[in-house]
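Before any comments, here is the structure.
To keep things simple, chains are lettered A, B, C and D as they appear, and every chain counts its residues starting from 1.
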Amino acid sequence: MIFQKSLKEECGIVGIYGDKQAAHYAYLCLYALQHRGQEACGIASLNLEEDAPVFHTHKGMGLVNECFNPDVLARITGTASIGHVRYSTSGSKSEQNIQPFTFNSALGPLGIAHNGNLTNATEIRKRLENEGSIFRSNVDSEVFIHLLARSPGSDISKRIAHVMTQVEGAYSLVILSKNKLYAVRDPFGFRPLVIGKLKDAYVAVSETCALDLIDAKFVREVEPGEMVEIDLQGIKSHFPLQPKKPSAFCSFEPIYFARPDSRIFGQEIYQLRQRMGIELAKESPADVDAVIAVPDSGVPMAMGYGRELGIPVELGLVRNHYVGRTFIQPQQDIRDFGVKLKLNPVPSVLKDKRIAVIDDSIVRGTTSIKILRMLRAAGAKEIHLRVGSPPITHSCYYGVDTPHRENLLAAQQSVVEMREFLGADSLGFLSIDGLKRALGQKNECSYCMACFSGKYPEAIHSTIKPQPTDKNGPGLFATA
Amino acid sequence: MIFQKSLKEECGIVGIYGDKQAAHYAYLCLYALQHRGQEACGIASLNLEEDAPVFHTHKGMGLVNECFNPDVLARITGTASIGHVRYSTSGSKSEQNIQPFTFNSALGPLGIAHNGNLTNATEIRKRLENEGSIFRSNVDSEVFIHLLARSPGSDISKRIAHVMTQVEGAYSLVILSKNKLYAVRDPFGFRPLVIGKLKDAYVAVSETCALDLIDAKFVREVEPGEMVEIDLQGIKSHFPLQPKKPSAFCSFEPIYFARPDSRIFGQEIYQLRQRMGIELAKESPADVDAVIAVPDSGVPMAMGYGRELGIPVELGLVRNHYVGRTFIQPQQDIRDFGVKLKLNPVPSVLKDKRIAVIDDSIVRGTTSIKILRMLRAAGAKEIHLRVGSPPITHSCYYGVDTPHRENLLAAQQSVVEMREFLGADSLGFLSIDGLKRALGQKNECSYCMACFSGKYPEAIHSTIKPQPTDKNGPGLFATA
Amino acid sequence: MIFQKSLKEECGIVGIYGDKQAAHYAYLCLYALQHRGQEACGIASLNLEEDAPVFHTHKGMGLVNECFNPDVLARITGTASIGHVRYSTSGSKSEQNIQPFTFNSALGPLGIAHNGNLTNATEIRKRLENEGSIFRSNVDSEVFIHLLARSPGSDISKRIAHVMTQVEGAYSLVILSKNKLYAVRDPFGFRPLVIGKLKDAYVAVSETCALDLIDAKFVREVEPGEMVEIDLQGIKSHFPLQPKKPSAFCSFEPIYFARPDSRIFGQEIYQLRQRMGIELAKESPADVDAVIAVPDSGVPMAMGYGRELGIPVELGLVRNHYVGRTFIQPQQDIRDFGVKLKLNPVPSVLKDKRIAVIDDSIVRGTTSIKILRMLRAAGAKEIHLRVGSPPITHSCYYGVDTPHRENLLAAQQSVVEMREFLGADSLGFLSIDGLKRALGQKNECSYCMACFSGKYPEAIHSTIKPQPTDKNGPGLFATA
Amino acid sequence: MIFQKSLKEECGIVGIYGDKQAAHYAYLCLYALQHRGQEACGIASLNLEEDAPVFHTHKGMGLVNECFNPDVLARITGTASIGHVRYSTSGSKSEQNIQPFTFNSALGPLGIAHNGNLTNATEIRKRLENEGSIFRSNVDSEVFIHLLARSPGSDISKRIAHVMTQVEGAYSLVILSKNKLYAVRDPFGFRPLVIGKLKDAYVAVSETCALDLIDAKFVREVEPGEMVEIDLQGIKSHFPLQPKKPSAFCSFEPIYFARPDSRIFGQEIYQLRQRMGIELAKESPADVDAVIAVPDSGVPMAMGYGRELGIPVELGLVRNHYVGRTFIQPQQDIRDFGVKLKLNPVPSVLKDKRIAVIDDSIVRGTTSIKILRMLRAAGAKEIHLRVGSPPITHSCYYGVDTPHRENLLAAQQSVVEMREFLGADSLGFLSIDGLKRALGQKNECSYCMACFSGKYPEAIHSTIKPQPTDKNGPGLFATA
């Protein structure tokens, strides 16, 4: 899935503690996390050496390298910082929703950056508003702040612990106070969060790839239910909540979101993707001349798939590096224009060939239709679509921006119908069991697979409608 | 005083109620109020016809015509709007301080724009933070919002009335709720606020010049202590607080801030300025060949001065229309470079002449020194500086950004010392009594003159240090 | 005439020779000349100390302070520079038309900046194209370059002299070669050009106000027909052409174009304008309560007019300082919106008063109509329009962008018709003789008055159609 | 070679003839050709249906999608257009060097866009300047224009033919006149140029990938020595010069420049690259655990290499999609920062593995050093560098911006020295014969291999110094 339209990560977060260039390292980490959110970004920093430090903040719409420049970085001084990248939605592109959120409280300045989604935010918010709280954004993360400000006691770590008992859902958080950095993860561990060390400084960040960029050393992951407290004395661990057993790591992190060079949830993303391809090959082989991938997540899957079957993997679709924000379509329609701007089919690979196309997932299916049509226009004789994850039949409430159920292709059509709709000669999905095998899960699975199975790890709040039984029951494969 | 460096207005505000192009009219009113604030501006609008309207907001650093364009205006839809321009300070040029502030509350969406300064904001803020309130900005106006959110009752006008009993100081406010617009003025009436009518719509705005631009009809001023409630049924007046007697209109509005074509505090600004010149001529005449003004406020003063004395008024200093934000000075210093970029002295008016220079006020005196030096370099034989207001000896706590007392020239030097410091052949200020005469005040004066006299209209809060007796006692005139 | 729409100067030019910050001084001079052209600007510099210097150039659309910043200035190094500002036309806003033009030739690098208009450029261009010359712009100045490149001899000053014998019309030029700066003026002296000294460096520039800004000393004007050659040895004067007698200084320079603090054609602009007002008062007095000006050129005229008649001059129209490039008009028309954005009428000056309005000139009359209507809406009881120059009945071919004759109001209507068209209670123009008196011209007039009289100083080229006799014959005054 | 620093293509060109959206299609073609030049781009269009058409032009620094927007495209109207992308050099980033060049001549408007390099441009230029020609740019392409303007006759095709007899070197050109489009290629055919058809319109463009994007049909290539004349009657072929035998197609087009989905010189680029990998495997196998590529050109080479040897190909280096123009390095150095921003090494592929790294070529070697160091830091146990082309020992004079010979690694070091310098465990290059086999060349080779062999296809002009014998004589392989 190259096109970040149907399935979006909430965001990526970073916290730096104890380096004079704290904002600068946050900026580089956000750059490494850019794949987790391209809509907006922000950094807030403060100087731990001051008695009454104040936040220096910069936020903006757009990519990290567009929003930050030397002048801006020179202005965001200080020895600690937190940062955030967020994805692009159509609706609420409002600047007041950009994180980190910073505020002044009786405890001094506090800043927060959040990855995830709180499932009981609406109720809490309504209650707080009735008590006179003022909300500036539409973001559920703001609930966390207000609860923090209203919690009892003058010790921030106790307050955070108190808030953790009130909120439900997914949260990986960094919180910066005037003298400490906190890295917090919900008891299911939906979203990743890792700790690294950079000389004397500590780094808390969504994925290890950010540590690699700045030459920081991986220390460990923040555990589900854990609050890590970082100050000049080092790291202290608290477990305000017991880790849930089994945990509920988001399975879309290894399938699609995380960068292939990252190691999260204790596993190597690149290897997991390759194994998904291998399992897919076992479950759903194809008799073809060549295997090609839909970039980028599909590439290691295709390598595993081809290798397992002994079929050559080819670069049938090349990603264009110069895609900008907008393109102006000519009056006379160019067929599948949007896809062609981003992916270049290589005719010499496709012409008169039987091709297996490996994609990481199918959400709405609208892009897949166009890609298949484009491949056929380039001369492919047969197209066998293979998908490295099971059919997505349910919405996510933990921070993945899945479309409404009526727009999830697999919630509306059987595999037989989908094959025809997409225009493939055959279509095969990886099974849930196959996915578990690829992820190395035996009995009790530590991954959340609710979007494939409808089995949510916690009782989802009443506003969420029960969903009809899915039409894909047993079928994972169809052919013409 | 052409240079908006030493004395700054807090801001200008506008509210529009009941027009499909509410944001557009707010934009034009802000343009007309641009002289009241050039740092930043913002507009928030909502659609009164919707059941659950939401704010559409745009804010930015810079001038109104830089921040708003057709695309932005097209996005800020709705039938009611509020807007704000604010001045430029060196320190806290933070985007989170830009008004209007909008927030969500149990009463629905609320927006506020504020001109003035609350003198007990710090205490209230501290108290609220201890109760769990979160502040996003450093602006005292935010206190008003929090008090509003925590006030009892479901009727917003009662809540506003309740807040008015708690805050002290200067405030002219517009508050927009999901179905009403409120225009509120403190009981002293420090800052102006007028009401106009544009077809079926109502306009509340700082100065009448904004009404003139959009062809709105002047209705009346909002009275001190009054809350005007505007809805589809029309205007309703409330007086939560008794107007103070005497009131305390800011005397710097007619001296410097307000636009000459505005009518506020029941008076015509242009005529007031001309009368200041006439009174100045009576108190402090000069035997000169020509009278020239320091643009812009000084121009009508110079006309009154020259006419009273029968001396020709000349354009000795022409304002440059193309001044941009920044200019790059060459390595070899150009003397008084900053002033020369903005004001062009006309040699043929000045060469070998005895000149009276009329300025509206002297704050730090740093610009006056340069102007006088520049005039002398252009050939003026004698320079007699006349100032259309009394010496400024005390700081303002009601929304004028006066420098610290140690930087107020007249708080540090006698008139005799100032004359020498500024390099004038003679120096004369208007007296407080002369200013009262020019403003048409007989016995009880409805204007605040604390910056000239130190007599503040209310007991100023304890954090404000008492100021030493001023050195200018009787003296308003000095000559070489 | 505040609105630079109907009558436009071609441009302003500058050359700096012999200072390490040559580009920086050119930039400041262009800033001082900004009133001569707001569309685009450019600077080209080279280092005289290098054996094979190359031009460093920066050009752009917009104002000087928009196009140049510290980075750009740091890049345009060298000890000599030339610069240019040009006005805004609707049509050919092409970047390739921005001057200075620089090119490489057998003589080394050459750069040119031109103010004026060559009347035989079209013929020369056609001839040169047939001989294989390539033109990159639509600007007549390029003809000068090509002739220079094709002139015989290796001495540039001889080549320039040779070109001067071939071109006709108006030209004030600066030309920069690898070791010399040339300042050239046509034999009629249509456009101004003055020489100044800045320590060891020389400055050639359109108006003295630029010398004042950079603290350069005025040396003298370049004479009509003269080529001034500047090098490390100093100034050398050549007269390739005899100065024409009488010369033909553009009379619109003192009426409208030049800055009031400039001294050109041997005269002080501010004083000339005041004398135009005095002569106008003598020829066309008005029985009014107050005299007001249309800013900016009208202001000194109004001062002369009021003083001569003993009537008070008031600030009835205040120029807005925050006018940006574009403004978005609301759907419901605001009457005379464009004018109201730029000029604020002061009601207290106008209400129920009989007013004389002094404008410098009337070109199309479209703006005048709106101003008069706006003044009447502000309450003026009687409006007597007085114009400080004669009716414009003919087009200019020497560098002023006059509209086509059919759009010149005075070429189409008699004064009686114009008065009614403009909506004035009375209308009076200055006579040609009155203008001559104001300019201090006795018998032989050294100013070109072709736009008022149709008497062009040289035989205008055949492509220029003869114009019909003008309808304004004797009449310069009309009343209701 | 992902880093376009050492070896740069001159540019990409396009011409569109006979479509109302000519500029729009040119824009899309330039987007598809963006890999051939990222510094600047431009389009010039005119309307063939007008009697006296004029060029509408837009040019700018930066990428196609940065320079062009809907407003710009709406302005560049007309039914024919030419366009150009050019690469980024450090020195002469001057806007006046951006193509297409348009000019006015006795033949009407003429525009030109050029890919290649004329080897006798300097002499011709010097001659023309002495005859009075003016050059505006430093680009050799301008020589072509001047010769065209000075050629005899009124028929443009004859003039072009005449110019082709005068210039030497590499040129693929599109020339647009008021009624015809010409596509011209030098007799050696150094640079590609193909013809396509889009409904009734014709397209001439550097690579077929641009035809694919706009759904145009490939017609044929322009032949070496051919001038294709396109007008409303269709295509006409002229051969002003005999095609040279053998021709001299640039071998770096298939190695590095061309897009893998293009077909030029009659061959499929993707397949050629894969064959280079196969030949490299035969000549220089490696005993490793995995094969990885340096993106992008190295990827198909790695696939061929791995497949030939039966070793798995892995994604060991992932290209970052969010690289912006500039990145701000922190004060404390991050090792190999620039490379890490662009390429992400995947630790799980590299850790403790013996790796063959396939790069397309080595120019200066500076990037290769960093990549190898980064791979080793990521855990690679052995690194065997394999290069899909022979050692580059000589500079190119035909449009590839090779560095000076002293900066070509292979011109300065033997393979043994290079291996050590780069830090590889072994190093192997493809031989010239191997490259010929990969390109399908038997006896007479139609590709120019001068940069590998020093045997230039034409007598290079005298200003080009003879180069010393290269040090790489026989050796193409070295091991530790």
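As a convention for this text, a contact is a pair of C-beta atoms (placed from the backbone, for glycine too) under 8 Å apart; a residue touches a chain by one contact, two chains touch by 3 or more.
Being a predicted model, the structure only gives us computed values, none of them experimental.
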Farthest-lying chain, centroid of Cα atoms versus that of subunit A: C
Centre-to-centre distance between subunit C and subunit B (centres being mean Cα positions), rounded to whole Å: 38
Gap in Å, rounded to a whole number, between the CA centres of subunit C and subunit A: 62
Rounded Å distance, subunit C centre to subunit D centre (Cα mean): 49
Touching two or more other chains - residue numbers and ranges from subunit A: none
Arrangement of touching chains [line / ring / star / complete / other]: ring
Pairwise chain contacts, counting only pairs that touch as defined: A-B, A-D, B-C, C-D
Residues of subunit A that touch subunit D when the two form their complex: 20-21, 24-25, 27-28, 31, 34-35, 38, 63-66, 68-70, 73, 199, 209, 212-215, 259-261, 263, 268, 270-271, 296, 299-300, 303, 307, 312-315, 318-319, 321-328, 330-332, 334-335, 340-341, 344-349, 378
Contacting residues of subunit C [partner subunit D, same complex]: 57, 94-96, 103-106, 126, 129-130, 132-136, 145-146, 149-150
